[in-house]
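Letters are used for the chains, namely A, B, C, D, E, F, G and H, taken in the order the chains are written, and counting of residues starts over at 1 for each.
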């Protein structure tokens, strides 16, 4: 601990970093940032912008960069994205900001950030164009955890040929995340054809009875093949669990 | 009408038959039997035993035989089946009784019954063993309306090979009824591969969220392929609508 | 195949057409277009604009015209409609664009398009003014599949006379699609009076308990007459299945 | 009050009657009996056997006879019916016990009971045989309140002729209670044809989605004709409200 | 009928009036107007603006004035109200237009309209300020049917004194409509204290579980006192049924 | 700790008691018993028999007596009650067993048990006879925590006089638990009349929509008076929270 | 009463105050204000702005200040807040207005207002930043009832250290309100660690299945620890019940 | 293939084995057995007894032993278990039958069966005694796939010490399955403390709102930590997916 305090005294680390190292979390005005999460759970702390004001999200993003050299923010609308970009640039002018508008995610890297790298492949499969947002969210998290990510798009079950043409690609992955809306049958059909761990990601499209992803969720939970499932549109959850599996495989390969 | 009354006076037809001919329906102690339904809607009147006492069901069965030479009874439990058999034998000792225990249907034919015959094929497809009851119910109704019925069983989506092996059989039908429980994906997958009218029949198996056929119903209604659907376990409805299509095709072929 | 490649080399067909012919589907930037669907399922591929960006929808529309000489787009809001019209005009200045604002459908025809024609009648019945959108969607699809379409409007059950006056029109159809919201009783009442195949189309009007089409859907699934049903507002599905029945009748009449 | 206490002292009335007269309710071991209810609300206190032990129900029945000369008990299973009959006979050997097994109601009259009589007609209409239980419950309550009750059975909407044949009977009533299960369309259709107050009574038959009376309830609440509704199988409620209307009409006719 | 045609020929009645007289309904561009409804059901035809375009609503309003001298329109938003007012003034400059903004209702009277008058009192009770809209809708319909209407406001159960102070007013009515949101206990408490027919009108306020009127609807259907119920916010339905009871009482009083 | 081990060595305490003292919980064959719970949370550990075999419940009961001198068991059916009684008698022949059949609770006391005593009053109010089971469960827990418990029964809102007669009793309590089924209005009405903390306990009676306690739960959560609520039939939860308040008051009075 | 009327005559109190004193409630144009509530229930009357027009809310606020020297208004949007501030300033220029924008509450104090003070501590715990609104609402009510309020923020269960670090703070309170969204596990985990009365406050964040606070509500009702619960986002209810407990403790401490 | 046919001709393999090898599935009277599933998906085919007759289950079990040397049967009630045991013994007297009554699973091994073995650890954690059945089901599948399985029981969140004491055991696993009923908070709490892939398994205990596993499912899907989930009681699914992860790790370790 002495070393840590020396570094702080020497200005080598910030107060937030020191607090994070000592406590596991840092407290700012907008709430706490659980900096120790990666160590404890293998999953980087992410900031869910939804339900927070743009100012709160931006403050947490700055706190994250200060303590972990990176900030991962999901479900950012336009005002939040602006606020985050402005605040980060003001506080960390040399940070790199990657803003994926379509998937509503922002990742900020300080120059000091060292990206993790895992020897494992995560495949992210979509049934159609409208599955893009949660699939993109999943891809972001998986990539930030260090996995290699492959996108396999537009393989809906209404035209089986599209799936069968990509079956070898699917089988080449270590883990599959399969995003599908409407009746959500794609993970079930795929699970009967591949032998890798497979996470179903129901997507909130469709209308009428079972719309907004409910039929997809129910169908995946009720699937006659054994798949695990995350909540509707929960790309972050799917990406993080796939990342944990990738991390375990990376460790196993290194044994 | 005079002719009718002459027949009655001459004992050639029963009072019930005369009433049915004149009114369209016959009134017995246990309720009314809508004898004119076949003429009006193309679908024979069926007796749903569920929610009736065995005595009521049996009385309606006798009334049906008297007025239309046939009784079709569905959802019969054991006491109802016994009561129906006993009453029918007592009143119509020469009637033929076909009791399908597994599908819980009974059909009674008087010797005078002339079975209809349609030049059309209905295929009834099941995903698994536990779809047998509603599939059987559908088959009974379709057959009683005169269609040729083909069963294509056990072609669940978890093993696509089983479906693909039977694809030519599916394509050879004029109409398909596809029964599936759990996530109910089979009609969706099949509808992407065949070009015949297709009715989805969700089955009440499965457990937990979306169990008892709810996920199957939601998935079929939400299907990314255009299929029509009937209620959970509503084999009678699926069979009768498929029968109407068969009837229309039969008429078209005869033009 | 050689012939195909010759045509391509000679510039007689586009690359997309060649890919469609060879693969069954064409891949553009906005996703894949399943050009082989009509051949495989008898139903033309349609583009659901909902859940896609205007740019994606427009790109798919252009792809559709290129490969199948026609694009059918449903659930188009105003920005999508503008984008589609602009893109199509730019790429195919001689295409004909039919935009039905009320039903939110657009159909684009290239000059080379040969409209199909089926010897079969589809009747589309509505209970009231607010059923217009899904009924119009169903009519568009049925017409594009080549059926003759008759509209029978405003025959709600609260005033039975309105239905009974149109009963002969209903009976003259080969298939009926009946759209109704609120309690959705119209298909049930009609099904007791006609003998043609009948598809119930629940409409998302009404408010309070069972509003947004839920009571209508439940009532049609639970109907004491045997009818098949599609999801709430699923005019496309109703139209396509009615179209398949019409197609089967057309073939039977031609036998 | 003195008079009351004199009667009690003279043994002309029981302690329960005296307590009922003074307090409005009587307290026995099995709970309180709200003897003053008829005076306050126009509706006799009824004993719902469901959720009570046979002993409790029987004790309340005896208490009711003692204080109001009548006991009305609904939803009685066989053990409760036995217990009630035994207890009542023991305590009030000269009481008349009417037990309607099919509708699961028991009414006990002491010799001193003077039945009320209202100059008003309540029609109770059923769609089919399986609506018998709640319809019977409604009839019992309406009759016990003094109204004239007419049953109009088996007029389901799948065969409109059956309804139209009974339309004059329907129109001759002062109030209509219409019981229907499945999709529950009958009250809607009838309400478009008659001009008397009309209460919809949904019945818990049917299966699958919207089964157990839910589609019927939703359809009646969502009806495109204005009808009031009671809960699923709530024959007692329908009968009592119809009885209140009959009571108001009786008073108006007597003005 | 000859007389009717003479009137038409003489220009004494409009074509719409003649059609209405002959057919029972009139067909305009925006749909049919069921002009015979009052005669058949005792309830005037009303136009629900929700789900119709302003133009359609206005056209139906004009048609209504033409055939029945009055138009009753509910759930009118601002654009619809404007359109209705403009069209009506253009077509019928001498019509009187009553627009109740708070309750979103418009009633148009032609000079020839003769308001009905019933010898019966309808009380409309509210639990709080936010019940105003459906209560106002009910009042409008009841008044248009000719009943005397009394408003009894702000008598929520959280302060029983407010209810008890108005109990005599409640008991003086022939029928009560009681509007309540949140837990909807007011009709239950009131029904234990009065002896007149009582219709519960659940209101869509409240939030969280059971919000939007669901707890109120469930509580009224499940009430331990026997009350009838209409759908959430269905002021029109409550008003019309109360009106039918008032009409029956008026007739009884006139006997 | 040495003292503890000495006691164990000397046979003064059992191994289970020693483990409980050291670990906070004891592990038997049938699971763990959280003996330290009272100290940590103020609430004695209770054994929920539902979902356990009779053998498991009995083994946990014996473990409880051994470590805390008392076992509180809820939701015991007959076989469980027998098994518990037999096992307890065999292991602790001098224990006192109190079995309340109606409320399905068993409490076992070893002779060494010293009952707690709190200077605080908990009132348990029921709307009707069928609320007895959860009300009794709540009373058992409250009593075992040491509070004085008063029962105030049968004060349903349909007859307000019954409530108002007992208002002083209600106001004399330190905390109120109010159990009600059907529409569950009683806690709302009471909360407008008293000024003590009040816990609503919804009861699973009623039928149809909102039955099985759902309307009661929704109504209490949606109440226009501020009350806290427990789950349907959760007498244990209501009793334990009321007990915690009583405990706090006891401590405050002792300050 | 004479004294009251003298005060009124002397202009010492307003007409509203006099009416409130005599009647218990005051009637203004916008509805009634239940001024006697504090005396009767211990909870000050609050004005819920949601569902009222800004004018109605402002009028009730003025009425409240006039009769009880304070107005507490919750769920105020910007237009309502403006209207309230303007009206109050106009009528009571010397009033103090506290507007907490984030929690959407306004409290107005007249100079004559004497704040209550209770010798009791209420802790309000949040799981995360997005629980701020209902937690703030609860804090406002608790404070206005006179309790000491401590906020313990950001102690979500995903990082237990954050909770354990604040455990002593939690244990130091007399009552805890614990606000949590998503899966709502925090009250359950905390209830296993503290021994004070504890109210769970589910918060409407989260998305997909169980979103909008439903999973949190279900989880708290289903908790394996005994906690009481209020509706989703019902900060007012939680604060008021905690206030009642604080009030009881204050009285006990004063005994 | 010739080799295969030679083996068959030589009687070295059965007809079923040959069919399985050639087709991927075997067809018996009771349905098809998908013998190729293990090869295709890595998961052995299992027989779900629920929804099949005892005879069908037994026939499929015999077919399974014949083609894959093992039968895994889940959800077996007593009659099914008897039938399976009798049939297997008759057909394969030397087979070993392991029947776990508590978890309702049966596994049959022919002497020729070579159990798989994976170098990977699966931990199965339960919150309480009543989670035993689905946890046992998961354990059976995981074990049959070859993984090492560790049970960590009775670590519910109401007493955190029980979880924290077992944290090192949890962290030592390669994958965790965590079974919990009621509010299902255990996977969420654990996921904040460990860094291995984690599958939540909701269990159908609990009562009232959110009972039967619904609150647990909702809470896990809505968890503020990223976990994947299976359906309520779907131990088979959890076990199989954990098995796939174990299989991937085994392969990675062998690289």
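Just so we're on the same page, a contact is a pair of C-beta atoms (placed from the backbone, for glycine too) under 8 Å apart; a residue touches a chain by one contact, two chains touch by 3 or more.
As the structure is a computational prediction, the values presented were derived from the model and not from experiment.
Hey, what chains does chain B share as contacts with chain E?
Correct list: C, D.
Pick out the pair in F-G, G-H or A-H whose interface repeats that of A-B, meaning over half of the contact pairs match by residue number.
Copy of the A-B interface among the listed pairs: G-H.
Where centres are the averaged C-alpha coordinates, which chain has the largest centre distance to chain D?
Here the answer is chain A, farthest from chain D.
Any idea how many Å lie between the Cα centroids of chain A and chain D?
Computed value for the inter-centroid distance: 61 Å.
What's the distance between the Cα centroids of chain E and chain F, rounded to whole Å?
Chain centroid spacing, chain E to chain F, equals 51 Å.
Please tell me the distance, in whole Å, between the geometric centres of chain D and chain E computed from their C-alpha atoms.
Centres of chain D and chain E (C-alpha means) sit 29 Å apart.
I need the residues of chain A touching at least two other chains; which ones are they?
Within chain A, the residues that touch at least two other chains are 40, 128, 158-159, 191-193, 208-211, 214, 217, 221-223, 225, 231, 234.
Each pair of chains that touch: what are they?
A-B, A-C, A-G, A-H, B-C, B-D, B-H, C-D, C-E, D-E, D-F, E-F, E-G, F-G, F-H, G-H
Which residues of chain H touch chain F in their complex?
By the definition above, chain H touches chain F via 128-130, 153-154, 158-159, 161-162, 165, 181, 205, 207-211.
Which bits of chain C are touching chain D when the two form their complex?
Chain C reaches chain D through residues 127-128, 156-160, 182-185, 188-189, 191-193, 206, 208-211, 214-225.
If you look only at chain H, which of its residues touch chain A in the complex?
Going by the criterion above, the answer is residues 40-43, 174-175, 191-199, 217, 221-223, 225-231, 234, 236-241, 244-245, 247-249, 252-253, 255.
Okay, in this complex, where on chain E does chain C touch?
Against chain C, the touching part of chain E is residues 23-25, 27, 30-32, 34, 36-37, 40, 50-52, 56, 202, 204, 213-214, 217, 231-234.
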